[in-house]
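In the two complexes that follow, chain A is the common piece, with chain B as its partner first and chain C second.
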Partner chain A sequence: MTDLVVAPLLVALFTAIATLPLRSAQRVQQAVSVFGGVLYLVAVAALVRAVRVDADGYLVYELSNWEAPFGITLVADDLSVLMLGLAAVVSLAALVFSVRGIPEVGQRISYHPLYHLMVVGITGSFLTADVFNLFVWFEVMLMSSYVLVVFYSGPDETRAALHYAFLNLLGSAVMLLAIGGLYATTGTLNMADMAEYLATVPASQTTPVLGLSALLFAVFALKAGIVPFQFWVPDAYRAAPAPVAAMLAGVVKKVGVYAIVRLLFTVFSVAALPPGLFGENATFLAFYGPVLLVMAIGSVVVGGLGAVGREDLDGLLAYSSIGQVGFIVLPLAVAASAVPGAGAEIPREGLVTLGITAALVYSVNHGLAKSLLFFVSGALSRTLGTVRFDALGGVSERNPTLAGSFFVGALALIGIPPLSGFFGKLLVFDVGAQAGSTVVLAVALAGAILTIAYFTLAWSRGFWGPPSDAVAGASVDRSFVLVAAVLAVSIVVLGVGFGPLYDLSYAGAQAATETQGYVDAVLGGSQ
Partner chain B sequence: MTPTALSTVFTAIPLQASAQSPNTQFVIAVVLGLLFAIGTFLVLRRDVVRVVWGIAIISQATNMYLVTMGGIAGSVPILAHGATPDPATVSNPLVQALVLTAIVIGFGTTAFALVLTYRVYEEHGTIDLAELGAAPPESGVSAMTDSSIDGPEATGDGEPVTDDDGDTDRHGGPAGSTEVADD
Partner chain C sequence: MSTDTDTTVIARTVVRVVVPVILLTAVALLLQGHNLPGGGFIAGVLTVTAFALVYIVFGREFLQRELLHVDDDGFLGGSIGEYGRTFTFGLALAASSGLAAIVVGELFAGGRYEFITQGVWFVYHVPVYHEIEIPTALFFDLGVYFVVVGALLTILAVVGRE
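Then we have the complex of A and B:
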């Protein structure tokens, strides 16, 4: 049964390879690619079922049977499978969109293999329990995404890709530095082994590890596009083809969020800080709590204000995703500050778990809603040739289904019941209220108002009113409308039947904070 | 060898090795510092090719730093004829495996960065970062269905690339020859 852990990886890898030699048979290539996406969803569903129902929360796979701290270990726990589920749904939707949404020449040459290799990197990042292996999966994901961002290779695209690629190349070098340093100071690369070791180190000797972990954290923040590492986000998202932008905003960003949750809450939460700066008996998270809070506030403000001033739809969506990641980091900051002192177990129920749950629920909601919005933007751009607001207008009259889907996605990000976004927002506010933090509540409120402001602008300028000349003469491809509508329905369904998503996120949050369970599962050897 | 014994070997090495050869350690530390300084200097240049050089130097310096993390003064860790080498005298081989992986990845990314630089030159007619500027509004994403994709044929210096990342469908006339005006 543990073999199931590698199933999604292998499916994505073999699909990438299978689509390579099929250039001359375009229909076959597209069919194989979409079929691979469906198979990936099935593999992830089987893995979710295995982890949630059959195993007691952990499935451990040791590559080549190398024993845990020495070989590379892949671990599927509740946190990993939740993120994998999001990745599977969004990537299948993006694949179906791509069939008509990407110019045929582009699809034939390189699109499908690159796309699936990106999925391979994403999957590996969610599953690995080895810090260096995480670096490798990041590189697999990034290499494909560099090419996908520059896919149209016009002036704007090359410039955006230049910034995106160079920033991330520097980020990779910094990540290697941090990993090398962590190996020299802790003597291991395995996350579970590292956590076990850090729990035993006296507080006076952890300072180097704190600095190295901060380097690692900066790289993850760069991937997640959190202020002050957000510079590449708007250009890259606007340059990328719509389905790729949907993947970048919906899933690749969440890889950064996942890495922050995994490393901070599972590994570094057990390490004690030297007494002094943050009082006696504090853990690393006492340091990261305020840092996360400042970054979250910055993201919400920069993203929100940036989005209000945009003149085009995809620019607005790109800035919006900076602000929305702020909403994901905000409850994480509260959770980090609420972690009890060194040596104490994090309670299974309480503010820490609730904060991470809020972040995970919000991540899933943002992943679905933002990819839906990018699909709508991509459908318009493919049909009209532009998504500037002065050329749009009246889409709701010309194509009510497409406009309605946009409306649902926007409302989900604003947080209107009964959509899934309502519960995301509600949990963020709940976490702020339970922590008694006026700052968190004020920032969340300001962010919510900004979200309402920019989506109102987008709706009234782009979708309402009499159709513009361009819109009146256009007809949107049916597959675009279908993908958008299916995602919109799924957002409604997730909101109405919110229970399972909450249970999954709650279990994911518990898995993230349960360092001992993780250590036992990984180092206890394979079952 | 039991896992615990291996673990002791791995954790003990860096400290032991560093005690053996302070001179080598010092020289390498200085060289690393210089490499990072040169790399940072180059990354801050306006010339895109220099930035690529800078990134290449920084990633090579990172690799070298990684090697030093395993202890550079020890001997080869071979289990010869059943004799276990003294943990205090061998180098940690794991970091060298890591560096090999990092070198391969760095090779790929550097090649991509250079190709990207060439494409930037073709599209913008310059590799000066300050002159890249904003492209004309009608290009970019909107060019996908723009009626002017069969625009003027490429003339002059920018050789049209036909087999590169699926660009041929949308940008029949590469802008490389058109010397994009930056304001």
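Then we have the complex of A and C:
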């Protein structure tokens, strides 16, 4: 049964390999690629079931039969499988979209193998319990995404991809430095082992670990595109083909969020903060709480204001995803500050779990809704050749299903009941209210208003009104409409039947904060 | 008849001697890579170095027609298609060598072997060597070797054509 942990990884890897020699038989290649996406979804579903029902929350897999902490361990817990589930759904939708959404020559050359290798990297990042292995999976994911971003290889795309590659290479170098430093100071790379060790270190000796963890955190923030590391986001998303942009915004960003949650709340939450920063008995989270709060506020404001002024749909969506990640980080900031011993705030266990739950629910909602919106934008750009607002207009009249899907996605990000986004927003506000923090509430409110503003602009300029000349003469490929509609329906279904998503997110949040359970599962499993 | 662009006799003679030595070193590095310095990557790079020397001194035509027996035509056909198949094969071999552990474990050991679990065979009483060690890691290294050779030759062919 534990082989299920590695199953999604293997499915994606072998799909990538299988699509490589099929480059001359395009239909077969596409069929294999999409079938691989379906199989990935099945493998993830089986893993979710195994973790949630059959195992008691943790499935541990020791690669190559080397015992933790010496070998590389893969761990599937509630947090990992939640993120994997999101990845599987968005990835399959993006694959179906790609069949018609990527020019045929591009698909022949390299698209499908690269795409699946990116999924391999994403899967590995969600599963690994080893900090250095996390770096390796990041690289696997990034190597493929570099090529996918530059896919159209025009001047704009090349420039954007150059920035993207340069920044991420810099990030990787910093990450490697931080991991090397952590290995030198803690003597281990295994996350569980590191957490166990850090819990025993007296506060006076944790200063180097704090600095190194901050370096690591900066790299994760770069991946997640949180202010002040957001500057690569708009160009890269605009340059990437629509299904890739959907994956980058919907899933790859969440890898950064996941890494922040996993490292901060599972590993570094047990380390005692050097005295003098936040009083006695504080943990690292007390330091990261305010940092996260400032970054979240920055993201919400920069993303929101940036999105309002955009002249094209892709740019608007890219800035919007900066703002929305702010909404994910905001409850995380509250959660970090609410950990017992965090100093100024009143420590409350329940609020920590609730904060992470809110972040996870919001991540899933944003992953689905934002990828849906990128699909709509991609469908328009593939049909019309442009997504500038002055060329759009009246899509709702020409193609009500596509426009309706956009509407659902936009409403989900704004947070209208009964869509899944409503609960995401509700939980964020709830976290702010329970923490009694007017700052959090004010920022969330401002962000919500900005979200309404830019989506109203997008709707009225791009989709409402009489069809523009370009729109009137165009007919959108059915597969695009189908993908968008299916995602829109799934957003509605997730919102109406919100229970399972909440339960899984709540379990994920508990898994993230249960350091002892994680340590026992990883290190105990080997004896 | 020689022109200014031709390589010298010295270069051609040296390459003729050096290339076999390089290839032999590559094989040695490949075989010892599982527990000594070496491995599939460096062996692959060395092999391509040998090809690159031939390429520089005797020309691309000679390398592709006479040594590798591939033509170059079309974007995915010809030499580049051939090299692409090489690294596809390598990738499949490397990944399958990891999967083999699970399969063997399921069949013979009650599912106890995890992905990329390795084993080793010892062959005794071999003339000259006396004892040879055949690790399963060799298949992985071989896969890496083909990936590196295929990928680098692709780069060489694409860049060389321009």
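In this section, the second predicted complex is superposed on the first by the 517 of 527 C-alpha atoms of A that agree within 3 Å, B and C clash if a C-alpha of one lies under 4 Å from a C-alpha of the other, contacts with A are read in each partner's own complex, and residues count from 1 in each chain.
The criterion applied here is as follows: a residue touches a chain if its C-beta (ideal position, glycine included) is under 8 Å from a C-beta of that chain, and two chains touch if they have at least 3 such contacts.
Computed from a prediction, not measured in an experiment: that's the story for all the values here.
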item	value
Partner chain(s) touched by A:F35 [first = chain B, second = chain C, both, neither]	neither
Chain A: partner with more touched residues, chain B or chain C	B
Touched partner set for A:P21, first chain B, second chain C, both or neither	second
Chain B versus chain C as contact partner of A:L63, first or second or both or neither	second
First, second, both or neither for A:L10, with chain B first and chain C second	second
Footprint overlap on chain A, comparing chain B with chain C	108-109
Residue ranges of chain C in contact with chain A within the complex	75-76, 81, 84-85, 87-88, 91-92, 95, 99, 101-102, 111-118
Of chain B, residues touching chain A in the complex	3, 6-7, 10-11, 14, 43, 48, 51, 55, 58-59, 62-63, 65-66, 69-70, 94-95, 98, 101-102, 105, 108-109, 112-113, 116-117, 119-120, 123-124, 132, 134-137, 139-146, 163-171, 175, 180
Residue ranges of chain A in contact with chain C within the complex	2-3, 6, 10, 13-14, 17, 20-21, 23-24, 61-65, 108-109
Chain B-touching residues of chain A, taken from the complex the two chains share	67, 69-70, 103-111, 132, 136, 139, 143, 146-147, 150-159, 161-162, 165-166, 169-170, 172-173, 176-177, 179-181, 183-184, 187-189, 238-239, 314, 381-388
